[in-house]
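There are two complexes below, and they share chain A, which is joined by chain B in the first and by chain C in the second.
Up next is the complex of A and B:
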């Protein structure tokens, strides 16, 4: 076992802390955007925006919000998440097929 | 060097949750599980979307749901997602106490969410006589939303037991992956909730 974890220079640790702070700032910004999307979605329904596009818009708002959650809160934007992306996109693809099958063939 | 020393280095590495092989395995295995959970919830969403028109009497989605309660629940869960991000931020800075405090806030917010969900179900059952057996819509609704609530309950028990078990140990390379993965689970619960409030409540109100 190398001894390098014991002798990390102080300035390096300061650099890491700064990095963490930067990431935290992005995450707080992400949170603000997620709140905004939620407000828009609820607002549209409460104000009874009567439009053909309201359901697609609601779904797009949800998908964007979930992408923020996955990429920023769950760190999928960081390095070393290739397998993670494969599993989540694989899961999402099967999920979509499942929903299409259930709503079109099984219980129509 | 004993394994005890390896797991408790003087200075934690940059990614304490992925510094050991066990941590790496937990990380990849847990994301595999989340991919599977996505499909599991998709089957419940598919069932709900197919059956939410099969109502009985006046108990339709439009008539039942109140958006005020759902809005507060959404805000609670979304905020608890941010507080668990703060917990992981302090974990990376090796500040165990602050991490515990933020995890504690996460748990309180999660409990608030769960309490409101139980009240919601109670309200439907006692004031509208809308139960699991009332209609196909009822079965699909309680299965989907109740399964999510079950995940919230499990997540709460998980985080609380991690906090209690490691209270006196402090943070090391053995338990850092455990905390990290519990926080991933908590975020995933919020991911599912975003689709529930959109598909079940908002789209139910639009009709």
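Up next is the complex of A and C:
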């Protein structure tokens, strides 16, 4: 493997380096954002903000964190993850539909 | 490693080989034998039920034993016979159809089998320890939560263990089909059996967790004093029905879809035509899989969910008839104008179409919620689901076994005996179950251990029992055929049917690494494409080189054995806390085996180029 990377042309190596730097930047940025989100969430609870505000905000923060986790840390934004995405959204859709069915027509 | 080679070694070595194997072809053999055995046990239970219902007020077995019989017949046939036999086919065929050397997780594949087997054994041990489960295969609460003895505990633990095995198997096939297709095999070039395996695995992935959750709740209610289903303590008994059917309805599609795929391959092979409407077939398969999740409450129309819920579920259920209809017509059009060869496999497949369609039509009748109040829990329902499960799944299993037997064992099942087995089974099947629709309409309820004189049900029931004996006769002839074939029939080439898909491009049974060189796929029905270009066999996609294969391991067996032991501990610790020792000992075996697996590096082995060249000289590369 090591031989392979060295045999690549110089411009190619340059390009990869640049890509890695970009990737690193994104990872650090999302990581910082996620810590910030967590601080905000805890802060709001400690300061006893009105619950009508706090519940939707916490849910939004949680969804964004899950998206960061999946897309940046687990590389779903990169190529070759179509099937994974299809499965996850398919499963989520089925689960959501089941919950909606329960809450709207079975136990309404 | 063919059976011929295996026979030259000692019996002990062969047994050890099968206990530790991670080869998908041998795991297919294991599934076939275990599933076949449970199929016979389930069939025996069916015969006992039919003998009991032979005449009015019969006293062949007691009421309690009858309840155990119907419960175990249903549970065994669905979970321990149909599912593993389908897994046998998937294991034997799918890696070959996509041009892979094994499944994605060979270790997990073996683990899935052993979990299923130990779960199945656990269920059947209950016969000898004071009574089998007796609350019906659906195990509705509160009947199940108050059922005395340990029968239902066996149901809960047995299905939990074997269900974990099924879930593992499903995930394994998903990953295999997504990641391990040969170069050139795009999704829209996959054979229909592979496609339906893919959709089925998705259904397993999403449906089985509902069963797992339901069984856990049931386990805690029965063994640890919780009250999820106990109305007296604020629980809700209906939740079990919802959880069970959220799993249970996709489960019936899990059973039928792989066979739909197998029929598609069989029809196109024996009609010498490509499958009519390939993309429509794929679309219909996916659509059935998706709709299958949104219809579970049609099993519960009489529960009292209200008219809105009932209507929505009725309409959703009827919608499934559309993709199923697409499939039926496409099979008919595949045969239309083809060069049809009526082999045994084709005979079962052709018989499937009208039989299954009858089951489908009664299904639409049952889906009409208002009418269902009349049919609910009568023999009409029993007739309906046996038409789809026997007429669809069992016919499909017989057809597929005839079709793929040469690939699995190198010999074609005797055609004469094959047809001789078909006719009594086919006639017996319609005799047994067609009349049951009318018995149901006349008011005969399901699950009752007797009916009375003068209710007008005697004639119908004796006809039904006579049919059951014919089905048993057909099954016995099939078994004789298996023995006859293995003793008397000659070996055949790798491609006895003039096949179209990749599995027919390699010898039968295939070498342990399947493909000497990974094939290059140039279209739908890849082998047929090459044949039409006048080539012999597939064009390789890679140079001849070392092949990496996984090592055998006993750990899947010990992991499952540990859970089996722990299961008994969980069941009996209710009576006596010293049984907790079995829980701890069993879990120690399981977790210890898992730890060993995690810590010990097992990198597999290589088959070297020189060995492959030796094999090619012996003729392994060609079919």
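Note that in this section the second predicted complex is superposed on the first by the 85 of 108 C-alpha atoms of A that agree within 3 Å, B and C clash if a C-alpha of one lies under 4 Å from a C-alpha of the other, contacts with A are read in each partner's own complex, and residues count from 1 in each chain.
As a working rule, a residue touches a chain if its C-beta (ideal position, glycine included) is under 8 Å from a C-beta of that chain, and two chains touch if they have at least 3 such contacts.
Note that this is a predicted model, so its numbers are computed, not measured.
Peer 1: Touch test for A:17: chain B only (first), chain C only (second), both, or neither?
Peer 2: After superposition on chain A, A:17 lies in contact with chain B alone.
Peer 1: Once the shared chain is lined up, is A:61 touching chain B (first), chain C (second), both, or neither of them?
Peer 2: first
Peer 1: According to the contact criterion defined above, which of chain B and chain C contacts more residues of chain A?
Peer 2: After superposition, B is the partner touching more of chain A.
Peer 1: Could you say whether A:106 touches chain B, chain C, both of them, or neither, answering first, second, both or neither?
Peer 2: Touch partners of A:106: chain B and chain C.
Peer 1: Could you give the residue numbers on chain A that contact chain B in one complex and chain C in the other?
Peer 2: The overlap between the chain B and chain C interfaces on chain A comprises residues 83, 87, 90-91, 94, 98, 101-102, 106.
Peer 1: Considering only the defined contacts, which chain C positions touch chain A in the complex?
Peer 2: 174, 178, 202, 205-206, 242, 246, 290, 293-294, 297, 305-306, 308-309, 312
Peer 1: For chain B, which residues are in contact with chain A within the complex?
Peer 2: Per the stated touch rule, the residues are 1, 6, 9-14, 18, 28, 31-32, 34-39, 41-43, 45-47, 49-51, 67, 71, 74-75, 78, 81-82, 85-86, 89, 92-93, 184, 187-188, 190-191, 194-195, 197-199, 202-203, 205-206.
Peer 1: Flag every residue of chain A that touches chain B in the complex, lowest number first.
Peer 2: That would be residues 1, 5-8, 13, 16-17, 20, 23-24, 27-28, 31, 34-35, 38, 41-42, 45-46, 54-55, 58-59, 61-62, 65-66, 69-70, 73-74, 80, 83-84, 87-88, 90-92, 94-96, 98-103, 106-108 of chain A.
Peer 1: Over in the complex, which chain A residues touch chain C? Could you list them?
Peer 2: Against chain C, chain A makes touches at 83, 87, 90-91, 94, 97-98, 101-102, 105-106.
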